[in-house]
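A single structure is presented below for examination.
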Amino acid sequence: MEELAQHCIDLLASRGVSIDDIADCARYLQSDYHVDLKKEELVESVLSVISKREAQFAIVTGIEMDKVAEQHKMDDKVLEAALLRDEPLFGVDEVLAYGICNLYGSIAMTNFGFIDKNKYGIIAKLNEAGKSTGVCNTFLDDIVGAIAASAASRFAHRWIKK
Amino acid sequence: MEELAQHCIDLLASRGVSIDDIADCARYLQSDYHVDLKKEELVESVLSVISKREAQFAIVTGIEMDKVAEQHKMDDKVLEAALLRDEPLFGVDEVLAYGICNLYGSIAMTNFGFIDKNKYGIIAKLNEAGKSTGVCNTFLDDIVGAIAASAASRFAHRWIKK
Amino acid sequence: MEELAQHCIDLLASRGVSIDDIADCARYLQSDYHVDLKKEELVESVLSVISKREAQFAIVTGIEMDKVAEQHKMDDKVLEAALLRDEPLFGVDEVLAYGICNLYGSIAMTNFGFIDKNKYGIIAKLNEAGKSTGVCNTFLDDIVGAIAASAASRFAHRWIKK
Amino acid sequence: MEELAQHCIDLLASRGVSIDDIADCARYLQSDYHVDLKKEELVESVLSVISKREAQFAIVTGIEMDKVAEQHKMDDKVLEAALLRDEPLFGVDEVLAYGICNLYGSIAMTNFGFIDKNKYGIIAKLNEAGKSTGVCNTFLDDIVGAIAASAASRFAHRWIKK
C-alpha cells in the first residue's frame, strides 16, 4: 500500500469513515443495475480511487479544512462561520468533490449529484453529525460521496468490459 | 428576444419540449426548499439559461446529433448505433450537459445528477420515447435536464440574495 | 488492440492525424520538464488515452460533427455555418475536449489551455487547413489537443512515481 | 458594494494583489484580439467575477489555506509540506481555480491554462515570492489566474454582442 493512500485511509478512519462504509455507498449507487451486488465487491474500486494522487490531495485538503474550522483556528471568521453552518451556497466542497469525480467520467458526476441529494448510509450520518455544535463535516460528506460515486463508475465501466 | 435564443426555443418545441415543461422540471428540483413554488416562477430562469451563448450552442449541437442519427445520415455507423440504442457508457451527452450546468455552479451540477437518475416529467417522457424505433433523444433528455438544473440553481442563488 | 480504439486510430488517420503527430504535441507539452524527451516515449500514453471509453466516444462524435458540417448534411444551417467558420464563441468543441482532459486531472486541463492558444505541430496544421473552403476541423484540433494534453499529464504523473 | 465582495478585495489586497493587477492579467489574455486594450477597460469584468458567490468562497478558501500553511497551523503535516513546497502534482489549487473559470465557460478555461503556464505580471510575482521560506502562494496564484481568465472571457463575450 502506497504511503499517501494509507495516510488517507487513516485520516478517513479518524473522522469515522471506513472503507467499508464507502463501499456500501458505492454498492447503493449500483444497486439498480446489480440487485445482488455485495459491498465487498466494491472495495477494490474504492481503494483504486484512493490510490490516485489528485484524489488523495482532495481528501486531505477537505478534511483539513473541516478540522481547522472545528478548532476555530481560521484567520477568516467569515469562512469559518460558513463552514460551521454548512452554508448551502458555499460550493467549494462540491468543487473539490468534482475534482475527484471528473477523473472517473460522466457516470461518476451524475452518481455524485444523486447521492448528494439522496443522502445514504455514512453520508447521511456525517451530514447529521455535522449539525451538532463543534462538529464540521462540510467537506467530508462530499469527499465521501465523491469517492463512492467514482468507485461505482469504475465498477460499471469494468463490468461492461467483462 | 435575441435571434439564437428564439432558434433554440423553436428547435426544442419541434422536438416536443416547451419552456413550460422545462420550468416544471426546475420547479421539481427546488420543491424541497419551496413547497409552494409554481412552475411559472421558474420561466424567467429557464429563458435566462437559454440566452447564454454557450448554452445555445450546446442545445443546437445536441439536437442536431439526435436528428442526424435518426435520419441514418452518419458516416460513422458505430456512433450512429451507440446513439440509437442510448448506450449507457456513451457519456458525451452528459459532457455537453455539464457544459451548460458548469455556467451555473455546483448546485446546477448536483441538480443535474439527481434529475438524470430520478427522471421526472418531460425528461421521463423523452427517455421513454427514445426507446421506440426511429426516435433518438439521447442528447435531448440530458440537454433538457441541464437547462432545468441550471435554471433551478439560478433561482436558488437569487432567492438567497433577496 | 481493442476494437473501438482501433476505430478511433483509423478515423484520426483518415483526417490526417497520426499517433506520432499527437505524441509529438504531448512531448512539446512536457519539454520544459524533460529537455531530451523523444516523442516515441509518449506513444504509450497517447494509446492509453485512446483506450478509454469516454475518450473514444468524444473522438468519434467530434470527427462526425466536422464531417457532417463539411458535407452540408446538417438540418440546422445556423450550426453548420458556425462550424464551417470555426466560430470563436462556439465552445462545444472545447467542452468535448475537456470531457477527455478531465479524466487525466488538472495538469491535463492546463496543458490543453496552453496548447489551444500556443498551437503547435499538427494542431497548427489542422487549424490552418480548417480555414480552406470545404474543410472543417473545428472539433478535430481540440480533440487532438485534448489527447496530447492528457497523454502529457499521464506521463508526468508516472514519471514522479518512478 | 456587496459585503462579501469587499471582503475578498480586502483579502486579496492583504496578500499583495490589487484589482488593477488582475485587470492587467485579463488585458494580457485579450491582447491578441484587442491590441490597444487598456487594463482600465477590464476592471468592471474583474469586479463582476468577484461579485459571484461561488467565486467569493473559492477566493477566501484558497487564501485561508495558504495562510494556515504559512502559519504552520495545519494538523496534517503532509498537506502542509505539499503546500509550502508548491508540489506540482497537488492539483487542488487548480481544481479551485476551475470552480471559478467554469462559471465563465470554455474560453475562461483555456485562458486559465495559458496564463498558468505563461505566468505574467502579478502571477509571476506571486509564484516567485512563494519560493521564499515562510511564504505560501500555492492557491493564490491560481485564484488570481482564474479571476483574470474569467474576466477576459466575460469581456470577450460582451464585445461580440456589441
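To keep things simple, chains are lettered A, B, C and D as they appear, and every chain counts its residues starting from 1.
Everything that follows uses one rule, which is that a contact is a pair of C-beta atoms (placed from the backbone, for glycine too) under 8 Å apart; a residue touches a chain by one contact, two chains touch by 3 or more.
It should be emphasised that the depicted structure is a prediction, and the values quoted were computed from it without experimental measurement.
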In contact with chain C as well as chain D, sorted by label, we have A, B
Write down the chain pair with more C-beta contact pairs when A-B is set against B-C.
-> B-C
With centres defined as the mean of C-alpha atoms, identify the chain lying farthest from chain D.
-> B
How big is the gap, in whole Å, between where the Cα atoms of chain B centre and where those of chain D centre?
-> 31
Between chain B and chain C, what's the gap in Å when you average each chain's C-alpha atoms?
-> 26
Chain D: which residues touch two or more other chains?
-> 53-54, 89, 91, 95, 98-99, 105-106, 157, 160
Going by the contact rule at the top, pick out the chain D residues touching chain B in the complex.
-> 53-54, 99, 102-106, 157, 160
Any idea which chain A residues touch chain B in the complex?
-> 88-89, 91, 94-95, 98, 105-107, 109-114, 116-118, 156-157, 160
Could you pull out which chain A residues touch chain D in their complex?
-> 4, 7, 11, 53-54, 57-58, 60-61, 63-65, 67-68, 73-76, 78-79, 82, 89-92, 95-96, 98-99
